[in-house]
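Next come two complexes built around chain A: one with chain B, the other with chain C.
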Partner chain A sequence: MEQALQVIFSATFIAAVLRVTTPILLPALGGLIAELGGVANIALEGIMLTAACAGVLISIATQSEWLGLLAGVAMGVLMALVLAFFHLNLKADIILAAIAINILASGGTIFVVFLLTGDKGSTSALVSKQMPFVEIPIIKDIPLIGPIVSGQNLLTYVAFIAVALVSVFLYRTRAGIHLRAVGENLEAARSVGINVRAQQYLALALSGLLAALGGVYLSMGYVKFFARDMTAGRGFIALAAIFLGGKTPLGTMIAALVFGAAEALSVQLGNLRVPNQLVQMIPYVATLVALVVYALVQRQRAIARQRKFRQTQAV
Partner chain B sequence: MRNITKIYPNGVLADNDVTFEVRAGEIHALVGENGAGKSTLMKILYGMERPTSGQIFLRGKPVTIHTPHEAIALGIGMVHQNFMLVPSFTIAENIVLGAEPLRGAFVDKRAAIAATTRLAQQYGLTVDPEAIVDAVPVGMRQRVEILKALYRGADVLILDEPTAVLTPQETHELFTAIRQLVNAGKTVIFISHKLREVMEISDRISVMRDARMVGTIDKRDADEHLLAKMMVGREVFLNIEKPPVQRGPVVLKVRNLEYATEAGVEALKHVSFNVYAGEILGIAGVEGNGQTELVEVIAGLRAPLSGVIELDGKSIAGLTPRGVRQAGVAHIPEDRLTNGVALASSIQENLIVDRYEREPFTRGGLMRPAEIERNAEALIEQYAIRAPDGTLPVGSLSGGNMQKVVVARELSSRPKLLIAAQPTRGVDIGATEFMHEQLVKARNAGVAILLVSADLSEVMSLSDRLAVMHDGRIVAIFPDTRGLTEEEVGLYMLGTKTMTQAEIERNW
Partner chain C sequence: MQATLPTTPSFDRAAERARVQQERRRSAMIDVFVTLGTIALALLIGFLVMLIVGKDPILAYASLLSGPLSRSIRTGRWIEDATTLIILGLSVSIPFRARQFSLGAQGQMFMAAMVAAVVAIYLPMPPVVAVLLPLVAAMIVGFLVGLLPGLMKAYLNANEIVSTLMLNAVIVLLYDFLLTNVFTPPGSQSLRSELIQPNSMLLRFTPLVGVNLGRANLAVLFAAILVFAVWVLLNRTPFGYEIRTIGANEKFARYGGINTRRTIAWSFAIGGAIAAVAGVHLVLGVHQRLIPGIAAGLGFEGIVVALLARNNPLLIPVTGLFYSYLRVGGDIMEQEAAVGAEIVQVIQAVIILLLTAQVLVDYVKARNQRVREA
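Then we have the complex of A and B:
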């Protein structure tokens, strides 16, 4: 127990939290944009996986991490546009289409990897590139904060900066406001001349872009290879983070950090003498517990609102 | 708009060679029954539909309007019946939506608020620019819709049944605002089928029927009776003819009924009355004085705190809604869309929803489609429900026809007691007349009817006896509605006058 506490209250641990939060936060922000645009994207998982795979394969072929990143992002946006096309043009149910994409991604990525490398498990036998880790001058020398803030992967910084960018986009720009209007009342948006379909394409494309960054981070930052189903449900945990975060960028970030902390804990505890299977459950159990707590809080609030309403009525 | 014809892709002829002319600066009412083609005509004017043939002229010049965007650019604005607002946005954000003022790359919220305030003052349409739309009353939401159109530079405002969702007070405010708009040089097209309001607000009136324009008349030359005749195409009996009451034994007996909401607000206070076989007992009152609760408690949808509810001498208090129905109570609920029908289900299914598990619709645990179909066909014919067949979803019907489905189901259950709550709300004149006929017919056949209606003239002309509710109490029961005036009843509705307990008891 003492060992466990020592693990948690250390700079290394907090740095690890940021590291494992990144591939939850990025798709969560993407999913948030899609959710607010009225096109809930549950294909985040599949988009991440294809992006992770495409990134690694291109970086193997070109030996350039930047071309790998570009390929991964392009692949993710493409997958999101495929989803948008099925839903918005062909009028397919978005949930079913997204499930199809997730299944396709799971089987398709490993199929392509096998075709190209002959390995059905991962690309670890081959040399792929990694996105750079950034040492921030001055800050890296500050005790405590230095080891946490500095030396992270470039995409980790991108993830946290994206929280602010997404916030500004959604609430301050015309495109973001139109996107939210479409998500909340499609007819109202249409009646004032907003191009509804264009907004929903935009929402899904942006969600694909952000989820792809999360996927690329997994295979070209967190580790340096692609492995079968390496997203391990992060695309779904990201969905939970959106709702837990009250569908706001900041809330989503906080929720993602909670899930990240749970996962970091499971990684750290894995080094101690705790049964491995139990430890691996932590992020998923944390998600379930968080959603239950969320539901209870929502209900309490609803009851409180009702009571307040009735009181004002009575007066 | 000259010689407008609109045929929808499914073959429905919505407008047939319609010519419609509005003068600048007038309030022009467009009236007609549901489905007469007035909404389609306005959608064409607003660019939401394209005419199959015909031509639109604006200030003498021919124009083509293919999208709402083009209509807005030409100075035509529309306030839709179901509001086109984004609930979580502020009023100012809603007003500028789609045409936001920018400062650099960002939307300028302060400019949006300023523009809203300026417009609101200019036209006397009071709104709170920074309030969230979800939290403001319906009347204010409507003003937001009007301001939205004005913000986009509308000179011609189309108001699609604007009073359907408003209380009398809000309607009054709206009319004041409309007059102010016209004084400021705007032109208003007012779609409605409430003839009294049309007579109150408009300068000229155009009447549509069966996709055709029947005619345009000056208000000076019109009266409600003439308009109704033009709308329906025949003589309409706004006055209800009914034979003298043949009162039978007590069917429903309510004594000292009390009900409180979960929060402890007393909604019903010692309510007592009888309903006799073969009579219509009306309940008048300003909405929100316990009528809804009374109906729902009797129907078994809410559990009473205390008191007696007896049907033919047997207690039905505390029974489930199904138990109450099986005891012989039919209920036409006031909220048709949520409690009256299942919108996505077919007419056939809606017609048997209270009896699907019994013979002849079910045998040996299996449903019998042939019987269900036969039942629907018979009722569709008997109640003149305008629908090609019974497999259509109820949600595709007009309000009046939807209500006919409800009435057909309730009356075909052969009830002892029929509770009719707001039976003609939101239905057109023809269907209203039909509902009245059906209620009187059921009464003549010996059904006891409890009628609750916010329409005072309706409840007074239909009922044999009239009870008035105020603040959860019965404050008066009139043994005979003949000779009673609306002003007299109004005094009781407002709580200014109250009958003594002895007087009320005498008229139980």
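Then we have the complex of A and C:
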């Protein structure tokens, strides 16, 4: 037990939490935007995978991590736009279309990697690039905080800065407020002249962008290769983080950190002979509980609203 | 009372009924036509992809499309895989008919496999009972595993996609944990449970027909019975009517006096019980023990099968056989033509995308209408 506590409260552990949180937080923020825009995006998993694959392959071809990043993001946004086109223009059910995108991504990436490298497992035999790790001057020398805050991958910083940016976008900009209006009540939004389809295209494109950054981080930051199905369900965990976080950017970040901590902990506890499957279960069980709690709170609010409405009617 | 009903002079009940039935037949014909067209288009896209990447598409398609029939053992693999997929498709079709996106089949299968194995390994039983008891136990557990997200959706409006996916993750981890720490006998070289008792093993076809059909077994009968049962349930019972009404328009169903919450919860639970049968097939029929990842990767396949059949239980055997033919053919293609079997997944994804694109179906129907009127 003492050993476990020592592990949890060490700076290296917290730094590890930030590392494993990044590929959950980025797609979760993307999914949040889509969710609030009324277009639940369960294709985050597939978008991440495609971006991870495209990023690595282009970085191998060009030996430039920046072109890799660009290619990964472009691929991710493209996948999101395909989903948007099928849902918004061709009236496909968004959930089934997203399932198709996930299958396409899983099969397509393995197919392409096998074709180019002859290896189905991964691209680890080839030299690919990595996004830079950032040493922050001054801060890096502060004891305790230094090793946590400094020296992370560039995309980890991007992820946490994105929390603030997404917050501002959703609550402080015209486009963000319109987007939420569409998600809240599509007909009402349309009736006041908001271009509903454009807003939902925007929501899905942004979710693709953020999920793609998460994917690129996985293959060009967390590790330095692409492996088959390397997202390993993170796109779905991200989806859970949105609900666990009560559909707000800050809440989503906290939820993503909880998932990250559980994952980091399971690695650590695995060394201490605690069955890591049981530790890994914690975030999923927490999400199930959170779903119920969230639903109960929502219902209480609805009842309170109705009561208030009746009172004003009575007066 | 009757006098107050307005009567239209030109209304002919028999003619009207004939017209409606003809309309329905035409609509079904168009659905079949669109599905076949979609499959053909998807295969064509796969063909072009192979051509572009410089593979020999003719050789690849020859082994993809003839592979499962080229050797008896491959045919056996096809039957075995199709059995699982058909049962899974049926399982998914019930909540989907009520427009509930339960993605819990994966977890339900793992849970059922575990329960069936525990009963079949540790509880000595006479023949027949040794098959039925694990089956029933697994179905009850599958029912309960399905019921949980069903209740959460119906009574709390909790997102069923997230809840079922989370439940899947929990169950798969639990399976992994128990297999490692409980079911694998001490001193075993590899991670797997003991064999189930011989009485519990489903009869395989190989000794029956004298041809090597691999692990294909009598669970095919389960699939056949379930096809019929699900059809009856959906089309000939009040419960099925309620499910279909909710799927068509939930608000209408509620105003019409249907207890939509109860029906939605039950649709999840029954789907779970059926998915459990697929898990039982994997333990009692295919592997005869628990192995790591016994049902891995099957989660979304049932959805494809149900979707191709437009959730019609009578079409699910057709689409299940078709889809597992592609799956098995894909593996053979990979061995023989060095084209990744994953191209099958790409073809599959294209099929789903095109089939769900409502505008395309409507376009075909509208065109058909115009042609007939002209």
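The criterion applied here is as follows: the second predicted complex is superposed on the first by the 269 of 315 C-alpha atoms of A that agree within 3 Å, B and C clash if a C-alpha of one lies under 4 Å from a C-alpha of the other, contacts with A are read in each partner's own complex, and residues count from 1 in each chain.
Assume contacts are C-beta pairs under 8 Å (C-beta built on N, C-alpha and C of every residue); 3 or more make two chains touch, one makes a residue touch a chain.
Because the structure is predicted, anything quoted here is derived from the model rather than measured.
By the document's definition of touching, neither partner reaches A:301: not chain B, not chain C. Looking at the shared chain after the overlay, A:281 reaches chain C, while chain B stays out of its contact range.
In the superposed model, more residues of chain A are touched by C than by the other of chain B and chain C. Residue contacts after overlaying the shared chain place A:193 against chain B, while chain C stays out of touching range.
Legend: residue contacts after superposition of the two complexes on their common chain; A:185 is shown touching chain B, with no touch to chain C.
Contacts of A:177 after superposition on the shared chain: chain B is touched, whereas chain C is not.
Shared interface residues of chain A, touching chain B in one complex and chain C in the other, do not exist. Per the touch definition, chain A reaches chain C in the complex via residues 40, 42, 86, 89-93, 95-97, 99-104, 106-108, 110-111, 114-115, 120, 233, 236, 239-240, 243, 275, 277-278, 280-281, 284-285, 287-288, 291-292, 294-296, 298-299.
Considering their complex, residues 53, 101, 152, 156-159, 161-163, 165-167, 169-170, 173-174, 176-177, 180-181, 300, 303-304, 307, 340, 342-346, 348-350, 352-353, 356-360, 362 of chain C touch chain A.
Interface of chain A with chain B (complex): residues 168, 172-174, 177-178, 180-181, 184-185, 187-194, 306-307, 310-311, 313-314.
Taken in their complex, chain B has these residues touching chain A: 67-69, 72, 78, 80, 82-89, 93-94, 97-100, 102, 105-107, 148, 152, 261-263, 265.
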